[in-house]
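Shared between the two complexes below is subunit A, which has subunit B as its partner in the first and subunit C in the second.
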Partner chain A sequence: MATFDLSAPESPEAVVAALRAAGPGGATPLAGGTDLLFDLDEGRVAPAHVLSLRRLPWRTLDWVAGALTVGSTLPLRALEDDPQVRTLYPGLYEAVRNVGSVALRQRATMGGNVVRSAPASDLIPILLALDAELDLFGPQGSRRLSVDRFVIGSRRTELRPDELVRSIRFPEPRPSAFCWQRVRPSNDISQVAVATAYSPSDRTWRVAVGGVQPRPRLLPEAARELTGPDPPPAAVGRAAAVAAARSPFVSDRRASEEYRRRLVASLVERAVGLTRPAPPRSA
Partner chain B sequence: MTAAARPDAGLKLTGSAPYGTDLDVPGMLWAAFVPAPVAHGRLRGLDLGAARALPGVTVVGPDDLPGLLGPRERDAERPLLVPDEILYRNQPLALVAAPSLAAARAAVAAVRVDVEPLPVVADLESVFPDWPGSDAGAHPQVAAHVHARHGDLAGEFRRADRVLAETYRTASVHQVALEPHACVAEIRGSTWYVHTSTQSPFGVREDLASLLGVPEESLVVDGTWVGGGFGGKGGSFLEPYALLLARASGRPVRFALTYEEEFRLGRTTLPAVIRMETAVRDGSIRARRVRLLLDVGNSLPGRDFATGYSIGFLLGPYRTEAFEVEGYAVRTHKPPFGPHRAPFAPQCAFVVESHLDHVAREMNADPETFRLQHLWVEGSTTPMGQTVGPFGLRPAFERAMTTARSWRAALGPGQGVGIAGGFWSTGTGAGGEARLRLGPERLTVLEGEREIGSGSVLAGLTAVAAQATGIPPDRIDIVYGDTATAPFDSGVYGSRTVGALGRAIQEAAVRLRRTLAERLHGQGQAELVVREGTLVATLGSRSAPVAELLTEAERAEGGLVADGRHFAAPNHLDEDRVVAGQFYPYNDFAGSVHVAQVAVDRATGQVRVERYAAFQDIGTVVDLGSAQAQVEGAVAMGLGTALTEEAIWTDDGRLVNDGLLDYRIPTLGEVPPVDVTFVEGYAGAGPNGAKGLGEPPIIPVPAAVAIATRAACGAHVTELPLSAERVARALKLL
Partner chain C sequence: MTDAAVPLTVNGHAHSVRDVPGPERLLDTLRWRLGLKGTKEGCRSGACGACVVLVDGRATLSCLTLTHDVPGAQITTIEVGPEDAAVARVRAAFAQEGALQCGYCTPGFVLTLAGLLHERGRRAAREELLEAAGGNLCRCTGYAAIVRAVERLATEDR
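Now for the complex of A and B:
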């Protein structure tokens, strides 16, 4: 590991100013560090400055009429421990609690996961299915961008060099589900991950798949086969078949393309079946 | 028989037990290999000039070796550095030592290597796409050919009601000790001294003498705490290189592998293909034919031990009228084959148990009763003509069947229960010696094995010494010596520690107690007891504090000394059954039977192990807590071999998954609680009839999981590991 200066600015403005001053590649923000530290350790990145975000007031979980806003530096474990997340965003809960290990989730953050944009990210598919929107903080203030537009490739996003992700907003509670397949169930990367959600407000489905190169993506062709909150088995089967046919695939050390296609079909079918309206909220 | 806290638990939990990687000697240099860039090639040029010019850097190339090696004749078949032909990727071409690891790596980067690539043989099936003919023993890629048979094979196959034939494949698995190989070497005057994380200080010394041409009396090997061995830290590995660099630089040299290097260079189990044929008549196994192709990597021709030793495990602990086994050790461009906890036996048990389960199903017989009916019992003759001694396999199998019945009563869809057995040769191996020193109030056990994490030394030997002398465990100290001071011992391997050193301790204890009896003016063996805080020797009505029975000289030296030694009785197989090659007799059979309950996801092929029970033929339990831990750990490790662990090699001999991200050992999430039952009373050769335990409980694990998987969903998987993708293929999902 090369040496670097570590600082922990008190304000987002100070972080952004430091990023601008260092220029591209000269400084790296550090949230949970569960991904970045490997790059630093292996020398894949060698910034002169590492800017810890731990003092920013972004470790937040806010509810406005059921809409959830997650501060970008909130440890994932806090989401998993929130009973409302579990009830109102069941797919998100499932995705979060299956990221890495408990120890890792005590540090890992949703902001970091989106910014690092790994092809096998277990969070991006459910963020896509739930139509999550990012609040980006930069020198010119805020801008909003959907996760679908923000993630553009493997380890590539629309984030500008002097921008930070401030929060991730989920517009409405949705019946949702997250299903995955891994070589090893615990503490591993998914071979395929599928997230599904049904929007009661516009009566549409969203189906997203991860673990496929180069980035997790929505499968609108598959979602179009699904109508209403409880689609018939034939429609679910069609959606699964379309997803398996349309999804981009790779064959690698974790699974063959053939097996990935089979997994997408199986997991889409399973996830749609698990996407059920939330039970009524207790008084 | 009580479970107590492990004596080393506190030291390890607080980080006060220094492992090999913790060694830090003032002024030491850091070492690195210059690795071969191809798996097979001719070394045309090696330009070390730029590396030698770097400040503080010591470089050792092939041309430097003659000036550094010792005066004795050395083993010319084992070159330390590539002389000409590169035989596996990352094979050492040269060595560097520098004041820091970064400087050592920079020096490696400064070396210019010119290589002419040659065709790579990475896959043993590319050597023999079809089963080899009888002349294949002379094939240049064959390191060993073993062949044995007995009985009327042709007649039994001809008269059979059914002949079932299957082909199995098993994968390359690593030991994955948490601590990589690590040592620090120094030249002290005329002594070549190395402090190393090893399973066998005396084994390393012997190896170093033959590799370096240095007489054993000039070599001192001292062990460190060992962060897991599992077979991977048996012989020498980094030690000769660290010593050469120490000699070249005049400084202490630390050599430790990174985890990637541990994977790339590790000597471990490599892939195999096994053909099983079984002839059945009137519901009984009449004849078995087994053929094995075992990848042995860069193992030396004529020195492969694995094939001749392992092939007997492919017949399993089952009676048969006639048999034939034939095996080929196939050289490929990978590092040499090396031992991995019960080397290759879990793979053999997977094959033989899955196959006989299959045979029984095809015969419409109950698979468990079928296997039970054919099991060896005490007095059985093995296929290789050995007589089975006391053997608890059958009672273990019967108890496992009872457990399986009760689990099956509560199964739901997608769940299944399987039973698998296996056996291991737990003979006490080559020699072991121990020295007891009885002080006024405490007993010291001086021996030459380090505790490698199994508990066999600190818990096991303490328990044996306590039982043999009567002295409570909290008054017993285990003291390790280096090879210059400790009594000889051949090392931690073959599940032999408690057996061999335990017997040596018992012998020494008898001597000690006889001497005390004489000093109490009697005969026989004195008893040792603690009375009101004082250690007292008694003989009938006579007694005296130990302090009063020691001579003045003994008090000055720290106590009364008694030595014990144990060498296993030689065992023999029927050489008339050997057609070709070297076979090895087994000793002191220990049986293991496991019950696994799995749930299979029929949409993905994912297998989850939900319940697990292990029945272990152990002779006598020496220390219950560490014995249970050994079984639990072996099951966890075996579940990796069963489900997720697989080293993947490319066609050009590169290891794809050289890290723990893509080489997956089980986590606690994959390991269910293990119900451990010890089957006692079938005595082995160890103290009070104890049998070895380190290896046997890993043997049935992949088989039990595979058979449970077939019971759960019908998937008959003939390849390890049982990845979800393989199960999905067997379920015809793909």
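Now for the complex of A and C:
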């Protein structure tokens, strides 16, 4: 097993300073660790220092006029307990509560999921469909980047070596859904996952797909077939067919390309059907 | 820093665990330094739930938790006494339904379900209990008796 020294700086500035002092590859931030620990165990990364983010004041969940900002180190489990997440961002709620298991979500974080950028991430599709935006903290202050621009490939992001993800912002409540197919419901990764959302402000749909290489992606060609909050069945069928034809699937140990193409069509139809306006806000 | 002793309260007893290397998991600290072998190592990769303990009352995978990352935490393991009413209740339900064969996965199931009871103020719906238990693997009961134990938890009057 690799050896490393673990410390927990008290401020984001101190984490950034430690990252800079250690130089490239010398230090790694640790959020929940549910993904990073495997790389540490197997030596794919071998930093001398691991910097736990547990003392940063980022385990937060903030609402401003319906826009949701999730602190990067908030355990995913905490998101499930907020009733507004369920009603205003139903697709996000479904995606979060289907990550791993209850005991895994007590450690896992949204910041970690985005930074680790696994090609089979089950959160990135819904972040894409909801136009989520990251607040990045670095030595020059903060900058904002959409998830779509941040995630550039399998395990590759635009994060600079001395930057941290501070929060993930969801700009507006959207009817949304997340549908998946797995061998096992818990503690498994989807063979195909589909996230859909309808934006009431610009009256357009987003369709995102996971289980593709090199990273989850939006399918604007499929979304264009959908118009209005309640698209007719023929339009939904066309969107499903376009998703099946255009998704960059490959065969791997989880599923064949052919199986994924069949799956994605069903999942798009199901997800669009579940994407319905939120019930009126009450209580 | 890694050199510092890690304070942990385990089942109500305060410990100061010394000489813990940075990569050490809470699972290994509990089993090999504190001798609490009730917490089991299964897959060591977060897929089986055998290692679940409560960290500050919440069900947590101890195989994916660095000991140095939970200083000061209140840990509850299967060895806890009757003072943890939720753990005692789940243990009793498993015993009454005979919800185990070899018993290796049982501590993980019990702590997972007890964690949900803690979160929900002792009452939790059958579906939610079953979903939580979905994170735990058993390779010998066939799950029927475990599901009966869950139903007992969901329906018994508390």
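By our rule, the second predicted complex is superposed on the first by the 282 of 283 C-alpha atoms of A that agree within 3 Å, B and C clash if a C-alpha of one lies under 4 Å from a C-alpha of the other, contacts with A are read in each partner's own complex, and residues count from 1 in each chain.
To be clear about the criterion, contacts are C-beta pairs under 8 Å (C-beta built on N, C-alpha and C of every residue); 3 or more make two chains touch, one makes a residue touch a chain.
In this text, all values refer to a predicted model and were calculated from it rather than measured experimentally.
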item	value
Superposed partners subunit B and subunit C on subunit A - clash or fit	clash
Subunit B versus subunit C as contact partner of A:Gln181, first or second or both or neither	first
Partner chain in contact with A:Arg77 - subunit B first, subunit C second, else both or neither	second
Contacts of A:Ser52 with subunit B and subunit C, given as first, second, both or neither	second
Which of subunit B and subunit C A:Ala103 touches, first, second, both or neither	second
Which of subunit B and subunit C A:Arg262 touches, first, second, both or neither	first
First (subunit B), second (subunit C), both or neither touched by A:Leu6	second
Larger contact residue set on subunit A - subunit B or subunit C	C
Touched partner set for A:Arg253, first subunit B, second subunit C, both or neither	first
First, second, both or neither for A:Ile189, with subunit B first and subunit C second	first
Which superposed partner A:Thr34 touches (first subunit B, second subunit C, both, neither)	second
Colliding region between subunit C and subunit B, picked from 9-17, 81-89, 207-215 or 369-377 after the shared-chain fit	9-17
Common ground on subunit A, meaning residues reached by subunit C in one complex and by subunit B in the other	101, 185-187
Interfacial residue positions of subunit A with respect to subunit B in the complex	101, 181, 183-189, 253-256, 258-259, 262-263, 266-267, 269-270
Subunit A-facing residues of subunit C, complex	1-2, 21-23, 45-49, 52, 55, 58-61, 64-66, 68-69, 112, 115-116, 119, 131-132, 134-136
Subunit C-facing residues of subunit A, complex	1-8, 30, 32-34, 37-38, 40-41, 50, 52, 54, 77, 81, 100-104, 106-107, 185-187
Residues of subunit B defined as touching subunit A within the complex	603-604, 606, 608, 643-644, 648, 656-657, 661-662, 664, 666-670, 723-725, 728, 733-734
